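First chain A sits with chain B, and in the next complex the same chain sits with chain C.
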Partner chain A sequence: MLKKVYIVDDDPLSLFLAKNILTLYNINCKSSCYIDANQALDQLVEDALTGDLPDLVLLDLNMPLMSGFEFLRRLGSVCRGLEMECFVAILTSSIDEEDKKRCAESALVIDFLEKPLTNSMLHTITKAITKKNGPLPDNVPGREQI
Partner chain B sequence: MGHNIQNSTDEARKKVLREFENLNMALFHNHPDAIYMLDLEGRFLMVNEVVCQVSGVGRELLLGSSFEPLIHLKYRASTIESFEMAIRESPQRYETAVITPEGIKYLDVTNFPFRSGDQVLAVFGIAKDITEKRQKEVELREQKALLEVVHEEVEIFRKVIAHDLRKPVANALGFARLLKEGVLAADEETEAKCLLLGTVEALDTMVRDLNKVMALRSKGEMAQEKVEVLKAVSELLISFESEINNIKASISVHVDPGLHLLTVKAYFYSILRNLIANALKYHAQGHLPEITIKAWPREGSKLAISVGDNGIGMDMEAVADRLFKMHTRFAPHMAEGSGLGLYIVNQQVKLLNGTVTVSSEPGIGSEFTVCLPLN
Partner chain C sequence: MDKTLQSPKFYLFLLENSNDLISIIDEQGNYQFVGGSVKAILGYSPEEMVGNCAFGYIHEEDRDATAGALNNALGEKLASLPYFRFRHKTGEWRWMDCTVSNMVDNPFIRGYVTNTRDITEKVEEERRKLRAQAHYESMFYNHPDAVFELHSDGCFTKVNSSVSQVLGYEDSQILGVHFSRFVHEQYLPLAMEAFVSTMQGNSRYLELQAVRQGEEKVYLGITIMPVIVEGEIVSIQGIAKDITLQRKLEEVEREQAEQLRNIMESVPESFFSLDQSWHFTYANAHYASYIGKSRQEIVGKCIKEVFPAAADLSTFYSECVKVLQTGLPSSFEELIYYGDGRRLSFQVFPSRNGVSVNLVDVTEKAAEKNRLEKLALVASKTTTGVVMLDRFGRIEWVNSAFEETTGYGLQEAYWQYPGDLLGGEEAEGLVQSKIRKKMAKGKPFKGEVVNYSKNGQQKRFKLEIIPVLGEDGQPVKYISIRYDVTEIRQKEDQLLKITRDLSEQIRNLQQFSYMVSHNLRAPAANIQGLVALIGALSKDTPFFDEAVSKLALAAGNLDVVIRDMNHILSIRERSSLLKTEAVNVLEVCEEALSCVLPRLKGGGHTISLNINKNFTLSSNRVYLLESLKQLFSNAVKFRQADKELMLEVNLIQMKGKTELTIRDNGIGMDISLGNKDIFQLYKRFHQGYEGRGVGLFLVRTYLEELGATIRVESAPAQGTTFTLKFKCHA
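For the complex of A and B:
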């Protein structure tokens, strides 16, 4: 079960939706919405320092000020610097295969989801995270190559 | 030549020579290309019928006069140089153009010296009319350039569909599913319904914009008509009345009552509508929006019209080269932009042979100035 999730999206409608769908199926989930990707990045750094990272970051790609790709690049170097792990799932309205390929290059990205968010998507992601966090040792090699 | 025909009688030798001359003349006259002989000053000594046809000048006028005045000014120097090289050195092949009553014709010319012993007596010339070939090449190049543009636009269209158009569809789907679950609290449900409506409206705007872009591509020659600038501005402002009231914007208009231009009315209105809509949409929080619309005549029989605002503005260094492209949005926290508005403005201004310029600063505002020919 997801307990803490950040949603990063420049579109207030998408934030409203993702938040509501998320809490609909994960009743105890604490979700925070970030319309400003910079703020989300700052918060993640702070969380890393206090050891309170979210279980998952849902990230939009097509944002005018800082694109999702730029966010991933910056988060990647933060993660390298602090030797922390952070799971990101892309949540985008894009159905562009190129975007999908580009995201797959980032080691942070555990899934590429096409909006709107559904329960089965959340289910798959929860399973993927449990698998990664469970039997595997906490630092997976190759994870730091963004 | 006579030396080669040994042991012949005088009569037989003369006959062969005559036949050979006849053959030469037949070749000269019936050859499909223009054939001519020039003296060392460039005056025509002999011309075949094709020379007259290509140049559109009669044989009597051509004979004894120089080739130079026939040559297009742009090619004159290079043609004379090639002609002189043919006298001094070796055969020359070059392209040139002649001015004829039927217009400019392009020629592929070969010049070589006509010698007797060491002495050059004249310059022989063969000119092939390559006008049609050249035109086809130009057309081909134009077609290719056009195809490249179309190809690029198709790719952008694909991107618009994959990203921009997909976005409101995804949102609408999300809202509809959320509402179907029937688990929202009453106030949340009302909000979700309003948001669903807004999303579908945004989708509608985008589909209409896309159609407009398509229409710009497939447009024929549009009829021009007289447009009164002040009347156009007033009419457009009335259509924006509710938006203006909603954000309490103050609008000042500085347009001389008599100012008018001859233009494609639909484009002119569309350009202004887009600019005013942007000025209203991207207003800043914290102070009341002020929008200034000005129009004035400009040198070179042009009309300038500007729409300025004190809105959120843009960082021009960051956005300048992408501002008028399809599929770009700059304003943060504004999901409703289709990313097509300024692209459409730019295309329409181009079609009207005008220009559009922008000055903008974040937190200060933006000013778009369109310059159009008065007629």
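For the complex of A and C:
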């Protein structure tokens, strides 16, 4: 089950929606909303240093100041530096194939989701993460990456 | 003997047959007695003369001298008179030698006895000898050439005054000295041989070099002959002539002749001479090789025999005859038909015994001339600009097409460098230096250049420069060919611009459709999601009402995007109906400001509009107003909270362009992050400010429709400057 999820989107409506869908899916999931991608990135760096990375980051692509692609680039270099892994799922209203291709180039991205977020999407992602990482321990609030 | 001595007849007979004339004269000279031999000696009988005065018979010229001598002799016993002339009975004068014996005291005689002998023959012989001697001496001493006599031992015995002049020595330094002392050693054998030969009785002429005092050499032509006395050669006489000058002249003449011969033999033209019967007297090597015969086969032969083709040369024959008759040279050309027909150029000069002919085969030259004439015709009639350059790259000739395209005729262009003549501010220096490098290497150049015509018009030419190489491989000339491609390039440029504009528009459209689809989808997706969420929530949950209100918000967002689309499309749609008018820029700025400034709500501001109040722009007022409103509104919106707004608008007119800059002191932005995205739809650069990212997209859309461009300069906290560039001003 997903315990800790960050949602990065410039649209407050989208944030509201995603947060509530997540809560509906998993009542114990602790989700944080970031309307400013920079803040989210700062938090992730801090999490990486304390070993408390979220299970998943839901990332919008089309944002002012820092686009989703720029976010991925920076996060990627942080993770490589710390030899850690962080799972990102793109959650966008874009249905552009080019965007999809660009995102697939990033090793962090495990899925490309078209808005709106649904239960079944969350289910698929959870399964994918489990497959990669092994079953998520229910009672442990975070994971350590070595 | 004693008996005969005593007979008077015996004495008379003796007197009568004597060779001498014996007579007795008195003191006055009158004959007292005349011997009988007078008849034989003077033709008179003694009786005719006795009683007459002897002086009457003596030559007038000799009379005084004879009388004087006789007078002197009267006191002597015996005296000799000088020779005198005595008249013969025939009237002829005879020379006489006379001795007078004083026998006055002799009782038998009582007078002066004269003993006279006819010496006419002897006197005449002596006079002849004297004359001969004078002749000889005159010949010897007065001869203008150097005359000398050598003893049989070879030493000088006699010299005239010219000898010392010729040899440069005093007579005393010459006389008694052997001749070999004065002969140049090179000529000694010759001189010795001549001397010996002459001593054997042969006269000789020889030429040798003598050495003057001071080592100066002098050429002498010497005639020597033996002097024979009584069959014996006693000495040698010679006459020497200074022939140095003559020798030098001969030398010069020989050299000149040699030079002339060398010239004639080395010039690559044919020379020959003909005598009056058309026979060759001379032919140079070139002529011999031209007609393919040896000189021996030519000289002495008739021209018709040597050169049968000459039979066709009717002009040649008639001209030669004319030259012979008039003595004036003649030059002409004639075509002869042998082989493929040759054109010959003749120059005929009169010479001593005929004519001298200079012959040049001008067939190739004539063909070349013909070819060049045709080429020149082509070059002058073509529409391509042709220029001939000298080896330094200076213009020597231009054709009329060059003049038509550039405006420069040959007079103005002559001796100029094309780069100087046609270069202008935009003529590419790189191309020029490339051309110069190619030309210096003697390699052809092909490329395109920007040139300026005389009236300042910019022209594009396809330029080809072809070097003409000399025998040494170095360029002696260049031919430059210019095709005017100005129009083609202009059209190409237009096409290129259209293509660029089109692809830009396509890119913009793609961007537009992407953003539209994304921004349409975003609220749609939200609606979908919210609907699903609401469906899953019970009405009692506190989120339910919030979700419903969010649903309304999402629907509103969708509506806004649809309105934006409508607005943008309407701008594009209306553009075809756009009215172009003279827009007063200052007025439009003021109007835009009056719409925007109230939003400051009384906040302080400094506005400066540096625009000429009469300046108008050929544009559309509404679109310009909308653009300015948006830009000014941004300046108000993104002002620094702690600073008074400062806004500066400047208008700069440039060649064919008008630039409007709008500078503010607002919060600015890091444009390196978004670079040109700033003018794209739904792009936002500031968090915490209202806005959908539509304003600058609209500004760009308006300006594009007006044919204007916009660019931005900005930095965080440094303010922002927008520059609007309009193509032309009204």
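Operating definition for what follows: the second predicted complex is superposed on the first by the 134 of 146 C-alpha atoms of A that agree within 3 Å, B and C clash if a C-alpha of one lies under 4 Å from a C-alpha of the other, contacts with A are read in each partner's own complex, and residues count from 1 in each chain.
Just so it is clear, contacts are C-beta pairs under 8 Å (C-beta built on N, C-alpha and C of every residue); 3 or more make two chains touch, one makes a residue touch a chain.
These numbers come from a predicted model, not from an experiment.
Bringing the complexes onto one copy of chain A puts chain B in a clash with chain C. Shared-chain residue A:14: touches chain B and chain C both. Residue contacts after overlaying the shared chain place A:114 against chain B and chain C alike. When the two complexes are overlaid on their common chain A, residue A:126 makes contact with neither chain B nor chain C. In the superposition on chain A, no contact is made by A:32 with either chain B or chain C. Chain C is struck by only one stretch of chain B after the chain A overlay, and of the options 80-88, 98-106 or 224-232 that stretch is 80-88. Annotation: chain A residues 11, 13-14, 16-17, 20-21, 24, 35-36, 62, 64-65, 93-96, 114-118 touch chain B in one complex and chain C in the other.
Considering their complex, residues 514, 517-519, 521-526, 528-530, 532-533, 536, 543, 546-547, 550, 553-554, 557, 673, 682-687, 693 of chain C touch chain A. Across the interface of their complex, chain B is touched by residues 10-14, 16-18, 20-21, 24, 35-36, 62-65, 93-96, 114-118 of chain A.
Taken in their complex, chain A has these residues touching chain C: 11, 13-14, 16-17, 20-21, 24, 35-36, 62, 64-65, 93-96, 114-118. Considering their complex, residues 159, 162-163, 166-167, 169-171, 173-175, 177-178, 181, 183-184, 188, 191-192, 195, 198-199, 329-333, 335 of chain B touch chain A.
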